[in-house]
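In what comes next, chain A is part of two complexes: it sits with chain B in the first one and with chain C in the second one.
On to the complex of A and B.
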């Protein structure tokens, strides 16, 4: 079967690469989640957008699942071939085609990495705001597919706020532009790009995007404050979200996260048992400088006697150190971890965090919380060893109870990571019969056999040949 | 992992105001007064208002953007959720009450401006913003070059994030720039200095009105979406056939206001038709509450039919509130 597939794939991609040996496929079995491994039958690397479109035209006849993949940094199991089939790796589609500063837009191919785009835009005095922490390697295709966010979403928003247009290739090989530099519908009656953004590779292959840009802020101030308890931390968060400085970022690290950082080589002197808030404001120099005293006063009034702040790049990076180190340390501390991505109304923060602690402690699973507090976007990280029988099951049970409570308090399953196959089992918690029917009608319109990324987003999406 | 409780009901929104998150759920037929009555007590505001008397639904049907979209984005970034009445009469929940979600396919943004083919909104969940207590409106007058220079200086700097609106208005042969500022009173002088700097460097005349209500333009008859660099030219080209044009400079949107007459439909059609081809090539569009919706293309008719089957399908019991 493999040699037949290889033969067909090589016919579809005359200039691209076809990977088929076990050694070549080994790196494509998992994404950022790590602990789930599903090897694809093959990986193809189209040489350019035209070849990708050509591949899609012939993909239907292959009668195997097709899974799009950028850098594979997803944290939801999205770009993984759970049902086998072919992974389409978009790494060769990495052209930044146009930057139009007068029109505040750029046109990029799907394989461009986020930080490459940022670096290219910077000399033009503009930037693209979404900033997931995987920026050095993650691709814009993956960002659009998962509606990625980042630390500065509180003011700037997520990917869907910045996508003006999507070029999509359907399984019949047809190529459609949904929107474009102007960000409207184009000649369509409906705004189809809205379904494409965040669709996690279940509807079409994306080749290029038109993205909205903003002028770079002139000045940035970073603040770090620690608090003795959750109550005072919450008070600070609630005051910050209503503050006239409109912070760009409001990030939080809980005492377990603080302990993790302080017991590592990345220690930066955070008080034991403290909650850490990281806040950033930006804007024109005259305006943002005038706002600094009121932000400091707010952080102190909420209960911190440990407020540090700076506008100097080196010092700002020091203030960010604990927040940025946390992600990497998780991987060092544990063979595997699951990071959840629920968003909750902020008034439920203390209750839901307590639930995380109680459930994790009862199951003897380590839990560390480092997250986007301004958005109410929680990232509880559950550390476990998938080789120890029963540990993964414990984490899944905790996750299930957490998600049930998140929905009960009015929250949602995912703010920026996507559903993938990691959270698909929880979708019936969110959608009732009518809304579930609407949800499933979207892949039914574009990908009725579920050949594109089966078993993702909704767990009953099986590809049946 | 596969054992979960039975599928929930539709989890409909019930009216609420969450002053911590700055979110407000209220009927789609609410007006600005209804929003103010709830939001102001908590020093919150909904900046994307266009008309004091028209309902929210009418405003959202009329256009995708408001002047304050310059700072806060279009309506679809500021309406977080809806209770939506399907053509069958059943009501379902669309979207969330939290500001971030990537849970499932984005029906909220798809439906918000899609007209009545797929049903209609019953309630909206709005994202509110801090009411800082001070609003100023600046007017820049000058020749065409000076006005363009003003817009460039206003948008191409870090200040762009902080203007509530940067609009190019043309009416009765006169054009000017309008900038709306919303800030705490202590910052008013900092904004005023920057506006004076822009006026001086662009050789334009500045008139500043302090502590005034937000300007409300009313509902446009025609809305045209292009790129920000084309929007002033487009407004100037549309202006002779209109009573007033308001170009939302960063959003790339022109709101066109027409004189009432028996042939308003035909005039609106005639005004925009010459621009349709260029708009489409840029991924732009146009629509008018005075005109029927654009008919679907052949390709999208098939997609729409699939969606329609789900939308029109009967289901079990009615959804009930949370």
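On to the complex of A and C.
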């Protein structure tokens, strides 16, 4: 069976690569959730978009699941072959094809990393706003598939605000452009690219995108303030959200995150037991400079006697240090963690955070919160030891209780990571049977047998041969 | 109350720090080259850990991907979870060589024996020094230079110490194996620069190869070499032990630190604020500085100090992607020449268009210098350029005196 699959794949990819040995599949068993391992039957690395389209044309006849993968940094189990099959790794599709500074758009292949795009755009004085923490390595393909966000999405909005067009290949090999450099619907009656963004690989393979760009802000100020308790922190967040300075980012690190940073080599002098807020404002220099005093005043009035701020690049990076280090430091504490991605109305912030603490403490599971406070996009990280039986189950139980409460307060499952395999079990908590049926009919319309990324988003979405 | 935030009490699993976040992919030269995740740090860690756990049988592809690693350690800098990739990789490579899963090329195995015997190695490479001196282009890696043929760096340093009697900090200098045997003019320049900056230079007897060669090839013998250097440098009362090659300095650091301060000579000079060379004001020379991996990712230095680069008197700037590997990887350009050449092709392309006349590619590791020189010898760079060690750009030449402004005790 294996040799027949290898044979078929090699015929479909005469120029690209086909990986089939056990030791070639091992590297593709997981995404950013390293503790979950599902081996594919094969991995293909198409040499270019044309070969990817050729592969898609023949993929149906393979009768195995097809799973798209960019850099594999996802935190939801999205680009992992949960039902086996072939992983299509888009690492060779990394051309930035055009930067149009008159029309403020660019055309990129799906395997371009955010870092490469940023570096290429910078000399042109433009930027692409979505900035997930995995920016140094994650690809545009994965960003579009999960509708990625990031710290600055409080003001700038998420990926869907910046996708003008998507070129996608269906399982029959047909290539379609939804939208295009001019945005809108492109050659379709309806705006089908909206189906594509956030579809988590369940509809089609993406090959390239047209993305909207913005002029680089003239001036950026970064503020860091610490608060003694959740109540004052919350007050500061509410005040910031409504403030005329219109912050680009409002980020928060809780006392457990602060303790983690301060006990590491990344320590930066945050007071013990404090909640840290990180705020950024940007825009035209004169305007932004004029807003600085009012932001400082706001942060102090909300209850902080520890406000630091700067417009100098090196100092700004220092202020960001704790926030940026937090994700990686989790790995130093524990290689296995589950990170939730719930979005809640901000008025419920204190209550839901307290639930996280209570549940985690009762189960003796470490929890660290570092998240996009402005958006109400929580990222409680539950750390556990995957070698200890029962630990993962405890974390899953806490997650489920958390999700139930999130739904009760009017929140939702995922802000930016996607549902993938990790959160599919919670879907019925949010969506009723009618809604589930309707939503499932979308992937079914594009690939009735659910050959594209099965068992993702919908728990029982099996590929049926 | 929540449990304390510290690593769990159970013994650490050798590979367990890796969360599989993927930050290493973006900086890994072989991942960038192949787009194959197995050919990345997190991929290799997965292969090794799965094999160690008995879930993956020994596989020739594991051997292949292991041998593909350049060992540049850029992944260590990128890793948020501080996985000690270099240490793990060295151990695995040594295991693969010991169990014949991987055999280094014959010339590397022979060289590994030779570097363990410095006197023999110096003698054996006398013809190579001679060829470099007369300017014969014998190999793509041999950059031009005029190495002294017979006088050793130790003898030279003694001579200059007597002549100039510096009074500043005392350093012990690692002269290295290949550096001394093949590129001795760089050692001589290092001695001159140090003494001109009022540094007292001693060259301990009995020192030998730092062990990097064995570490790069996975061959036996590294501990013997380390022990020899522990005996040579360990008892010395000096302000620093300096090396003029980032790779050797990194390896010696692993041997002697934290007991002894091992420093890259340029970093050490940066703190002193070295004597500045005067150049003609219309000098069109432009220096492009490439940062060796084992300086920035191994020794974790931020860069070559700007004070040192300014002191060369030339207009300089960092080469594009200065912290990315050039492909030399110790012995990688001999073990995996095609990969090394492809990595270099991308790194060196800028030189064809680079401003300046003449153009100098400056770095601080002789193996990187060899690799950079090969870019011209193999046609990747078609315009003339020189390769130089930064210390050579600070070199006062034979006739110098210690400036009277130097700090006196």
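Throughout what follows, the second predicted complex is superposed on the first by the 465 of 465 C-alpha atoms of A that agree within 3 Å, B and C clash if a C-alpha of one lies under 4 Å from a C-alpha of the other, contacts with A are read in each partner's own complex, and residues count from 1 in each chain.
The rule is simple: contacts are C-beta pairs under 8 Å (C-beta built on N, C-alpha and C of every residue); 3 or more make two chains touch, one makes a residue touch a chain.
Just so it is clear, the model here is predicted, and its values are computed rather than measured.
Under the clash rule set out above, the superposition-derived model of chain A with chain B and chain C shows the two partners fitting side by side. Looking at the shared chain after the overlay, A:263 reaches chain C, while chain B stays out of its contact range. After overlaying the two complexes on the shared chain, residue contacts for A:433 are found with chain B alone; chain C is out of touch.
Contacts of A:356 after superposition: neither chain B nor chain C is touched.
Our angle of interest has its tip at the CA centre of chain A and reaches the CA centres of chain B and chain C; in the overlay it is 130°, to the nearest 10. A count of residues in chain A touched by chain B and by chain C gives the higher number to B. In the superposition on chain A, A:441 contacts chain B only, with no contact to chain C.
In the superposed pair of complexes, A:211 makes contact with neither chain B nor chain C. In the overlay built on the shared chain, the residue A:45 is in contact with chain C alone; chain B does not reach it. By the touch criterion defined above, A:103 lies against chain B but remains apart from chain C after alignment on the C-alpha atoms of chain A. Taken over all C-alpha pairs, chain B and chain C come no nearer than 21 Å in the superposed arrangement. Within the complex formed with chain A, the residues of chain B that make contact are 1-2, 4-11, 18, 20-23, 43-44, 73, 76-77, 86, 90, 92-94, 96-107, 109-110, 113-114, 130, 132, 155-162, 183-184, 186-187, 190-191, 193-194, 225-230, 250, 252, 279-285, 293-297, 299-300, 302-304, 306-307, 309-311, 313, 315-316, 319, 322. The part of chain A that touches chain B in the complex is made up of residues 100-105, 125, 146-147, 149, 153, 157-158, 160-161, 164-165, 174, 176-177, 179-192, 194-195, 197-199, 210, 214-219, 238, 241-244, 246, 282-287, 290-291, 343-347, 372, 375-377, 396, 400, 404, 407, 410-419, 425-446, 448, 457, 459.
Put simply, chain C touches chain A in their complex at residues 1-3, 5-8, 10, 13, 16-23, 25-26, 31, 34-38, 40, 42-44, 46-47, 50, 56-57, 59-62, 65, 78-82. The touching residues of chain A, counted against chain C in their complex, run 17, 19, 21-24, 26-34, 45, 71-73, 89, 91-92, 111, 113, 115, 134, 136-138, 256, 259-260, 263, 325, 327-337, 357, 360-361, 364, 366-368, 385, 387.
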